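Please go over the structures that come below.
Below, chain A partners chain B and then partners chain C, in two separate complexes.
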Partner chain A sequence: MTKYIIKRILQSVFILFVMSIIAFALINAAPGDPAAAIYGGQMDKLTQAERERINTNLGLDRPLATRYYNWLSEMLGGRMGYSYENGKSVNQIITERMPNTLLLFAVSFFLTVIISMVVGLWAGRHPYSALDRGITITSIVINGIPSVLVAIILIFLFSVKLGWLPSSGTSSIFATGAADRIKHLVISVLTVVLSHVSSFSRFIQEGLKEELSSYYVTVARANHVSNRDIYMGVMKNSLVPFINYAGSHVPSFFSGFVVVETVFAYPGLGSMIVGAIPIKDYPVLMGGILITGIVVISSMLAVDLIDLALNPKLRRAVER
Partner chain B sequence: MSAKKKRNHNNRNRIWLFVFISIVAVCFFSPLFVAYNVTEVDLRNVLQQPNSQHFFGTDSIGRDIFSRVLYGGIVSISVAAVTTVVGLTIGLIYGGISGYVGGKVDNVMMRLVDIICSIPSTIIVLAFQMVFPNKILGLVIIMSLTNWMTMARVIRGKFMELKKTNFIMLAHGFNIPKRVIIFNHMARNSTLSIIIIATFTFAGAIVTETALSYLGVGIPIDTPSWGNMINNAQNYILTGKWWVALFPGIMIIISSLCVNFTGEYLKNKYVS
Partner chain C sequence: MKTKKLISLVLCSATLLALLAGCGGGEVSKKPSNDEDSKANEISLDRDNTLIYGAESMDSQFNPVLGSMHFGDLLFRGLMTTDENCQPQCDIATSYKISDDLLEYTFKIRDDVLFHDGTKLTIEDVIFTLKSVIDEKINSSQRDGFLQIENVEKVDDTSLRITLNEPFPALLDKLTIGIIPEHCFEGKDFNTADFNMEPVGCGPYKFVSYETDSKLVLTRFNDFYGDTAKIENIVCLCLPDYNVRALQLSTGEIDLAYIEPSQVEELEANKDTTVYKIDTADYRCVMFNFGATDLFDDVKVRQALCYATDRKAVVDSIVHGYGVAAYSPLQLNKFNNDSVEKYDYNLDKAKSLLDEAGWTDSDGDSIRDKNGEKLAFTLTTPVSDEVRVNIATYLVSEWKKLGIDCKVDALDWSAIDITKCEAFVLGWGSPFDADNDTYRLFCTTGTDNYGLYSNDTVDETLKKARITSDKGERAGHYAEFQEALAKDPAYDFICYLTALYCANTRVSGIKTTKILGHHGAGVFWNIEEWELN
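Moving on, here comes the complex of A and B:
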């Protein structure tokens, strides 16, 4: 068991390492001049010598491997460098934005799991009911609608037509307090939850149906085990694979945040990464990608460990 | 289910395919009948409501949305189709090797797929997009490189299953060349799975193109595509210019739904 956990942790570290190399190499292969980020429109006035001086100062004339090594050792020391755009330290930018994304993730993931469990279990218990068929169809429909459009539809509904909720940002200028924060969070969370909840509940619903048609249920029925007891057992059995399923969808949540945060001008990591791309702000980009990677990989690790604790089948397979 | 009811059910599902084919046909033949140039700026007719001249209205610099939606369809559908074909080919080869060889090779190859899947795909795409900024070719390469994993997994599973069947084992026994076994026996027996995965990959590609173009890192902004047309859409929605985003949005949703429902129908009919 300990061996499995250690193996799993080493694997996560390896994934992060691969990810950092890929991202670093890619970003460095990109055409474009960071001098442009610093001087913007005035870059054309720089002479060749001045440009070289800037590149030397930023260390861009050294070989790629050296730069990666330097960057990694700085990174491990917790120093992520300074933004080319405004000279702010990347640590500071990320500590400002990270809580926003984490809050969005925590709330939307939690809600998605809870709602899909309730809906999925109910629908699986009543096969061929309206809700059962409804979920199947909605999950196909929602899968087909890009979350950008879901977000835009929600803005239209709640901000334009009903005027209940603000359409962007995290807080109003003069308002303070929790109520205002929550109000700004609702549409973003709703978008993320909507785009995942139907496929999640469909997974539970189909799993429950499959369990219900299995041999042990037939035997239990034949032996007069009460319906209620059967459902309790079946429910547990069908929720165990769901843990793994939910865990494997963590990256898709963060993919979604890139879009959702941009639509709602929500100051999180995703919108930071999108903002850094057109201006080639390498340190911000690398920091953002790496931190997102760490968050995603550690959430997946956590889900796997929960799975290990709750899933006897997996535990037996691990111990063998 | 009675025979009549079943037939109706099938017909209803065929409608999705029919709608999609009509959309494709109308888009691809649109250059023959649209009245406006898709990039022509007309500053006297900015943000017009839908009317008899401009069926879908005009956008913020006076371009005709009807023409742009149809032309954008050509771009979006072609990009999605090409990335699907390329991604499926990669997935077929990768999953095929993994499933056919098996053992340690399979273990390593599938672990690699797991690793790639655990990186949020939008972030990979954004990183890649810096290498090929604002080129359709670059977008196609990136999208193909990030959508082959499902295909690889399914094909691997299928090949492992087929490897254990009698006719493949017999073929091995008869010393039939491996190439023939892989392509003629195993790949052709997986055709249905390939088609089903293709439909979902295609729908996914339309969605991805929309998201990337919305973020401004997809198809170059001067080429109309469905994704590009909803760029900044929330601002138009907030200012009451609903038609700018509505029509491309509807086209994206309808075509992706048609493809998804067709795939779902094939899956239900032939697999389970």
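Moving on, here comes the complex of A and C:
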């Protein structure tokens, strides 16, 4: 068992390493210029000579492999470098922004799972009801609407028209405290939850229906096993694939944050990465991609371990 | 029974989440406070004593040597400042002497200037600031304005000498750059020092806190050497969407913001807001790049393009009337020569000029050609600037009437290399010394002469205007320069923009008499007179 876990961890480290190389190469191939960030609104004044001077100062005239090696050796020592835009330490930037994204992730993931479980289980138990059909249709419709549009519609409705909720940021100037922070979270969380809850609940709903039509359920019913006991068993069985499904969708949550955080001006990892791309801010980008990669790969590892814990068949296969 | 369990589970989780949301991550970067000034750092922040400014974008750092920022003149002050007429006046400097050959400037400074951390501003700080701007290793976007500085040295404890490598009348304007304290950078790499995010200046307001890309808080510095400001706190919020800014202005959530021309009517009608229309020296033009194509070598082609530009239409429809037709880079300057050719809209004249130049439509495809070459080029514009994109689109349709095949290329700034664009929608203009944005643009050896424009009279007159301090002589040289430039256009000047600021009526003291810079920069020039009622 421990051998398996160690093997998985080593695999994850290797994946992260390969991912960092690909990311570094992709950033290099993309257009963009750190001098653009430093000059900001005064871009008309940026001469070629200045552009080259700044690029030389930042070490961008050195070959790709050298730059990657420098980044890697610094990173392994825990130093993620300094932003090209303002010289701020990337460690500090990530420490400031990661809690915001993690909070957004925790709240929206949790709510998505809970809501989809409640809704999906109910719908599964009452097949072909209005709710059941309603969920199927809504899920197809909402999956077709890009989350950027959902976010903008929600901001327009709740912020601009109704004025109930703030349209950006994490906290207000004068009011502080838990209530204010929750108000700032609502629209972002709502957007992310709406993007995923329908497909999650549909998964449970379908899974439940499939389980209910299986042979052992028919036998149990025939043997007068109580409805409650049947449902307890069926739910356990259908929740295992659901955990897999939810876990494998963690990466899509994070990629969704890039959109939601930018639209909502929410200072998290997503908006940090988006802001760093056009200016080719290597240290910030690599730091952000690495952190996101670590979170995603760890979550997939966690899912696999939970699977092992819940599924005795898998445990046996691994131990062999 | 199951429903009860489910409901209780949901309620538990909700409480947990609420607790989680309550204690959030620390994104606020506060000034490190020691025991002495921890009391000083406690500010009382409430709606009545705070001016809230809605900015289009947040500054990414707060070091005036590295780059300009919204509140540069609130946090920092320099040797010089500019007055209501955009003339340089002494600020931290008490007096200055210029040598006869115009290459040596000697400044005396005040001895009562304190930084926000309580330390005294010394001559070493001034020298450190100026040496840092010209340092090659420092990633400053201001450096190219100081390239004429050869050396900066201390004369005594209250004076310094700046030596130039060539005469530079605009130096006094450049010396408005904020002075930074040398002791904050001891042992640190300038580019990555903490100071850049937690600035210490000597201006009327000091830094309190900054929440990344969200809000910046400043409070009044009571030991400011000049007039103490009346408004206690200033907060800058990041509101990139102009609709949100207009909305928050009308609800009173923010007190001041830069607005778009299309929003003026609505905000003027609102009795709680006032719209301020302020002239700026910021103009838009099309740059002809002689290095990227030889189509513009014939002056008649350029003149035709200038005649085919309906500046009034641009002002009326693209900037909704908030602008002035442009014909010269010095229109708002005291050395303006308004008797030059203004290229008033005349399509027929444009067409006959092109005919004269030999460009005719010989193959009937409605595009002019000459010796097998078509009169076609690409007009590049930055995609993020709506006004420039609209100007480009408009010009293309106008020039099509002349039989010119012009295509618009709207690119992101980071993908643009102006020296390689055949034509580019450029923005320039300085409200300060006439030399500021003329020598470096129009002189053959000018550092920002992207289009490689070259005209002997222009070179001669601009050089002469530099090396004399006699106002009458300079006026004459600049008049000649503008005439030569109008006859041999380097740019197709389009329009000067008017800055549009909207403020809540409770803010008093905003004056519209001073000409502002690029995108309305410098609106806080008389912040000491502003009050909240």
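The rule is simple: the second predicted complex is superposed on the first by the 285 of 320 C-alpha atoms of A that agree within 3 Å, B and C clash if a C-alpha of one lies under 4 Å from a C-alpha of the other, contacts with A are read in each partner's own complex, and residues count from 1 in each chain.
Definition applied: contacts are C-beta pairs under 8 Å (C-beta built on N, C-alpha and C of every residue); 3 or more make two chains touch, one makes a residue touch a chain.
Just so it is clear, the structure is predicted and the values come from calculations on it, not from any experiment.
Judged by the touch definition given at the top, the superposed model places A:P99 against chain C, while chain B stays out of reach. Touched residues of chain A were counted for both chain B and chain C, and C has more of them.
By the document's definition of touching, both partners, chain B and chain C, reach A:P278.
Residue contacts after overlaying the shared chain place A:L185 against chain C, while chain B stays out of touching range. In the superposition on chain A, A:V160 makes contact with both chain B and chain C. In the overlay built on the shared chain, the residue A:L308 is in contact with neither chain B nor chain C.
Within the superposed three-chain model, A:I15 lies in touch with chain B and out of touch with chain C [touch as defined at top]. Look at A:N143: by the touch rule set out above, it reaches chain B but stays clear of chain C. Contacts of A:I294 after superposition: neither chain B nor chain C is touched.
Overlap of the chain B and chain C interfaces on chain A comprises residues 31-32, 160, 167-168, 278, 280. Residues 14-15, 18-19, 22-23, 26-27, 29-32, 140-141, 143-149, 151-152, 155-156, 159-160, 167-168, 248, 251-252, 254-256, 258-259, 262-263, 270, 273-274, 277-278, 280, 285, 289, 292-293, 296-297, 300 of chain A touch chain B in their complex.
Of all residues in chain A, only 31-33, 36-50, 53-54, 57-58, 82, 85-89, 93, 96-100, 102-103, 106-107, 110-111, 114, 118, 160, 163, 167-171, 173-174, 177-178, 181-182, 185, 228, 231, 265, 267, 271, 275, 278-280 touch chain C in the complex they form.
Chain C makes touch with chain A in their complex at residues 2, 6, 9-10, 13, 17-27, 29, 45-47, 50, 52, 57, 59-61, 66-68, 136-141, 143-144, 189, 191-193, 196-197, 211-215, 217, 235, 237-240, 243-244, 247, 251, 382, 412-419, 426-428, 447-448, 450, 518-519. Every residue of chain B that touches chain A in the complex is listed here, in rising order: 115, 117-124, 126-131, 133, 203, 206-207, 210-211, 214-217, 230, 233-234, 237-238, 240, 242, 245, 249, 252-253, 256-257, 259-261, 264.
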